[in-house]
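What follows is subunit A paired twice: with subunit B in the first complex and subunit C in the second.
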Partner chain A sequence: MSIAQQPMPRTGSRRRVMSRKARRTAWFYAFITPWLLGFVFLWIVPLTLGFLTSLTNYDGLNLPDLKFVGLNNYARAFTDEDALWSFGQTLKWTALNLPAWMVLSFILALILNQGVKGLGFFRTAYYLPSVVPTVALVWIWKIILDRNAGLLNAVISVFSPGTAIAWLTSYALQGLTVIAVWSGLGWGMVVFLAGLQGIPDELLEAARIDGASTLQIFRYVTIPLMTPVIFFVLVNGLIGSFQQFVVPQLLASIGGGAAAGFTQVPPRPVYLSMNHVNRQIFNFQRFGYGTAMLWLLFIVVAALTVVVFKTSRFWVYTEAKEK
Partner chain B sequence: MTTRLTRREMLKLSGALAAGSVLASCGPAPTPEVVKETVEVPVEKTVVVQATEAPAPTEAPPLSGPIEGHVVVMHFLHEFTEDHVNVFQGETPGITVEVIQADLTRFFAMYAAGSPPDLLRVQAPSIPQYLARKMLYDLTPFFEVSEMLRLDDLAPANNYYKAYSPLRIGEGPIYGMCKDFSPDCTIFVYKPVFEDGGVSVPDDTKAMTYDEVFQAAQTLAKFEGDRTLVFGYDYEKGWVDRFMMNMLAETGGTIFSEDLTQLVIKDNEAALAVAKWYYDLGAAKLNDNIINPSPAGWFGTDFTQGIVGMAQYGFWYGAMAESDVTAGKVIMLPGPTWTGVRRDPTVTATGMIMAAATQVPEAAWKVFEFYNAGQPAVERAGSGWGVPALKSMWDQMPNSSDYEQQKLRVLQGELALETPPLQFNPFLGETTVADSWNTQMDRAFQGEITFEEALANVESEVNAAIKDGVDRLL
Partner chain C sequence: MAVRTLAVRKRRVSSRKVVQSTFSYGILTLVTLLITVPIIWLLITSLKAQTEYNVWPIQFLPKVPQWQNYAEVFASRHHIFRYAGNSLFLAVTNTVLSIITSSLGGFAFSRFQDVPGRNRLFSVIIALLIIPTLVTVIPQFIVFSRLGITNTYWPWVLWGLGASAYYIFMFRQFFLAFPKELEDAAEVDGCNPFRIYWQIFLPNAKPVLATAFIQGFSGVWGDWFTPVIYLTSKNTTLAVKIATAYVTPQGNTIVTVTLAACVVYILPLIVMFFLGQQHILKGVVTSGLKG
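Showing the complex of A and B:
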């Protein structure tokens, strides 16, 4: 038998099969590596460092003499009056902002879903505040709501001269809500509108044929089918509300000056948890305490999110449930 | 034989790598050599910081040979410009300069990573804290051999950068210098507000007392119903603690205990009176604050719009005090006095220091010299945005218009007040006291708490911060 006629060694063929598998494996890792690296170095490492920081007396400059303080920073948060106040205000702000924002966004989406003329224009117009830089946005509202030179007080002063209501300080929580709802309306509206446009026409048609009124269609068809979207918006809004920082901080520039900026403290009604954390870290150089509070906030937000998820089976409609 | 990794093993390995990197990151960053100090904590609550000496003197620098290196400067980019960098690099081959925007967060991160900027823009109140942490490079040997920067040419405000220890600012080795400075308590007057209020414009050859300032502010402030049309007087809220210290220093007082381990206002009659003065001013809505916000967001802008009678800012503000509205109607007054004993009203003294951890001290010094005595310094001197840090440049300040000449006349009087600098607290960040004060007074202004409660809260907050600082540093 000539060499040419000899069968190929079985090992060679196995190697080809294995290398194909190896190639597939290599591709698998090649595809997930960027995400994995990002996850490890941009999430796991910073989070771990953040947690370790929360167990120390780190002040930004004392790395060589760092002291381990155990859970003292966490315990401190429960006796710190300002931490408790800011947390209370954060809850109030969330309770005020979240329903207002969701309801108004939903109403706006419902209106725009009625096939109005110039839908594209209105959609763009309502979404516009969402793309305005936050600093500009706060200043727009300051021009309107300022105590001494604001347009609103000027208008009221026509009827009641000398009116000077401190909308952004005495009514800062309401003022913040107005600003945040207005600026967030576009995003909420777009998401709700996408959900509304995803509701099959045949379902609405069938309900109409069955004699359902507009209100009944809304109550028994639209709302149930929108619950997954409402759930998504609710979770995002909840997390976003607890993370609110920039707008109150910008409101702090009222009465600011050359030394203003992120070292200033927002008006008391909108002194939220994130602002307290910022103040503790940058004004008091308590990085350890600040990060401990961030972890506590994370736990609260995670717990609330879990509650929303757990209760979702009672109110979020899914087709899977029907099967 | 080849070994094939399973996915599980791969993930384990990734985890191990991540853990390794975390642990590596937690290791101590390279830090400058530290000179041990003797510190005693003899009794509870009374911390005695004994002989906190300055870092060991640096040896005479070898500045004669060719110097090379890359120097990182953390500064405001509009103050240390790209043009400055190009000029310097053109004149000084071998040294490259990178200017990064001054940013406290970034500074902390760079310091934590063991690579702080070689040169850093700072304000005087931060010097004691940085010194206590051994973060500053002793520049005395450089100054002693420099042909551009002579110690005897430095204006007195530079004494903020001299120290025998963090607790003895004002004399000793020098760790930096002002880029320029201002007697910070001078008052800019918008004359039409005085005329409208029926008040004669104050004499610019005589310092007002703070009581007179208060009375004038009361007369000048103009309201329509609840609305404020004109603010009588205003000041930089972020520096309120510095102003208080300066007022009390007239008679040797301060807002701190002698060993700087306590903020004492409530039980310090003199400090309480100063604190009350500031509270009363705000409560009466004579200046901008939480219950009487500035329409422009900053009283400096309000002044240029003609709605502030008196704005207390340093000489630098003179460069912008005249707008289309206020041009030709502004004068500068000497800083007011609390007790009648005047003192140097410089409380900011913004300048530059060199990090003790720098790997390129000679190259950094060359940049330091250039910025503080070269072209940038000359430009600053001629701009009017501050008093040059070098006395030899004082004649370069603008003096062509009546307004500029008037400012210079008043300035001469302020510069003649050569008094020791304020001793800022090494256990506190530079914004801590003002932050606490403004936060608590806001609450008092809004009627949430009383002035006395606000004051108690300020003391409690600041003393907790001092205790943290003492624990960290000692």
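Showing the complex of A and C:
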């Protein structure tokens, strides 16, 4: 032992360095063990089993009857009229909700960034709806948009008596958008406002001295510098929109007594993809078909996200690019 | 002459400013109204008698405010304390566990940059932040139901123990700003990394702890879908109770009392929001933008 150490003291010190590194590695993995276990057992295992399920006729109960059906479940989604309808509605809803929500939050952030008095008050007030949990959110809007007892029809009736517009069925897509914008406005506004406040004053001042008009400053300074924030909000909103199903489901089943689960079907205009998936699984126990549609939906969302990421280099401003 | 034109210009500019700011405040006030009217309408309707709610044409205000609606919310036959207790238990258990495991992870990813495998694992965290949760919810349900732990509270415990990529990221961002010297000094003094985490980092992470707690608590408290698929009417949460609504002994829905229950249900979250407002609004921003 002493012979090995004596001729080369450097090895000893290197070994001590190594052991420090090994110790640090051990600590690191000890710290992340809970997450690693969670990652394996709550993500990898279910996802693998979920994928295998999608290749079978699993009904949640009988393993003896389990049959391998290949890609049949996937093929079925393309001939299932309800699946296609719900996907179409999901696209429409995303196309309606995303721009409305982003533009309105952006405008509000712009106004609040003008140095208005009472910034704190407005910011808090606008964020408040984001605090309201979904079930309460749906109740709040149900008593406004309801055909008979709702506030909106009542107010319109003051000017045009007898108005009874079915906001929650015939106009459910627009109704859902209003609900979503109301509840999401605060979050979008806070994020955009933080982005706007991060724009250096010198840049705006320099543009002003160079004689740029307010509109020009907005177009050529504010917008480019805000693109990373817009990108972040866009990706978040896109993923969120495609996963929407709780509000449509609750619009159908809220207040339904014991049947407030999945037995009621959301109004046709807001029968979204995830509503269709949940119905297959929790109403009809079609686990194979349901998980297959989940994967298809996931592919669509992932593809859209990738498209946004890939095109981002054409429109998202990064400092590195300018240098 | 020159002085006069300057004064005129100044006045013109300021009058333009006045128009502009009137316009700004006009819009801000309008939006404030649009935001608050639904909430005020909820409060008003929660004070109506059920017959006043159903009447056509609508009656805007209750003749006599029905304060007993709020008493009815807590009437023993509705078991609100049991449901609220379940919500509270699940929210606190899940959030506290998740904060512990995630802050450990966040500490590891922020202070052990040189460890082999760290970078690859961190990109997994980033990927998990973006992957839509829709792909995991139902497969997890399938696994848990085969394990026979649906209809129990174990899933919430397991989700907590399994940490969350989002909170890991949040804690990591916060811990990154801690000076390296702090850690070195403690190490020289013979502190092991766990003690550094427990006695130095965690006590100094109050803003993130508050944000994570409020976000986690609100998430579980407000969650309707998970208890609906996992639990039964016997052991379910307040969210589900309010969605199923309050009913008369004959089984008819009483909307107005349910709305009063809604107010009671939202209240803890509003209080928490006001208490932690500064941190939350900052948290919304940092967790997203400084990536």
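Points worth noting:
By our rule, the second predicted complex is superposed on the first by the 295 of 323 C-alpha atoms of A that agree within 3 Å, B and C clash if a C-alpha of one lies under 4 Å from a C-alpha of the other, contacts with A are read in each partner's own complex, and residues count from 1 in each chain.
The definition used in the following text is that a contact is a pair of C-beta atoms (placed from the backbone, for glycine too) under 8 Å apart; a residue touches a chain by one contact, two chains touch by 3 or more.
Quick caveat: nothing in here was measured; it's all calculated off a predicted structure.
Aligning the shared subunit A places subunit B and subunit C in steric conflict. With both structures placed on the common chain, the touch criterion links A:Y220 to neither subunit B nor subunit C. Of the two partner chains, subunit B and subunit C are each touched by A:A149.
When both complexes are overlaid on chain A, the residue A:F68 reaches neither subunit B nor subunit C. Note on subunit A: of its two partners subunit C and subunit B, the one contacting more of its residues is C. Legend: residue contacts after superposition of the two complexes on their common chain; A:R123 is shown touching subunit C, with no touch to subunit B. In the superposed model, A:W315 lies in contact with neither subunit B nor subunit C. Of the two partner chains placed by superposition, subunit B and subunit C are both touched by A:G60.
Look at A:V246: by the touch rule set out above, it reaches subunit C but stays clear of subunit B. By the document's definition of touching, of the two partners only subunit C reaches A:V132; subunit B does not. Among 23-31, 95-103 or 131-139, the region of subunit B with C-alpha atoms clashing against subunit C is 95-103.
Judged by the document's definition of touching, subunit A residues 25, 28-29, 36, 41, 45, 49, 60, 148-149, 153, 157, 161, 253-258, 260, 282, 287 lie at the interface with subunit B and also at the interface with subunit C. Taken together, the subunit B residues at the contact with subunit A in this complex read 4, 7, 10, 14, 17-18, 21-22, 25-26, 28-29, 31, 34, 104-105, 108, 111-112, 133, 135, 223-229, 236-239, 288-295, 297-300, 313, 429, 431-432, 434-435, 438-439, 442-443, 446, 448, 465, 468-469, 471-472. Within the complex, the subunit A residues that touch subunit B are 22, 25, 28-29, 36, 40-41, 44-45, 48-49, 52, 57, 59-67, 142, 146-149, 153, 157, 160-164, 166, 168-170, 253-260, 263-265, 267-268, 279, 282-287. Listing the residues of subunit C that touch subunit A in their complex gives 20-21, 24-25, 27-28, 31-32, 34-36, 38-39, 41-42, 45, 53-54, 56-58, 60, 101-102, 104-105, 107-109, 112, 114-116, 118, 121, 124, 128, 130, 132-136, 138-140, 142-143, 145, 158-159, 161-163, 165, 168, 192-194, 197, 218, 221-225, 228-229, 233, 239-240, 242-245, 247, 251, 253, 255, 258-259, 262, 265-266, 269-270, 273, 277, 281, 284-285, 288-289. Note for the complex: subunit A touches subunit C at residues 21, 24-25, 27-29, 31-32, 34-39, 41-43, 45-47, 49-50, 53, 58, 60, 107-108, 111-112, 114, 116, 122-129, 131-136, 138-141, 143-144, 148-151, 153-154, 157, 161, 182, 185, 187, 190-191, 194-195, 198, 228-229, 232, 235-236, 239, 242-243, 246, 250, 253-258, 260-262, 274, 277, 281-282, 287, 290-291, 294-295, 297-298, 301, 305.
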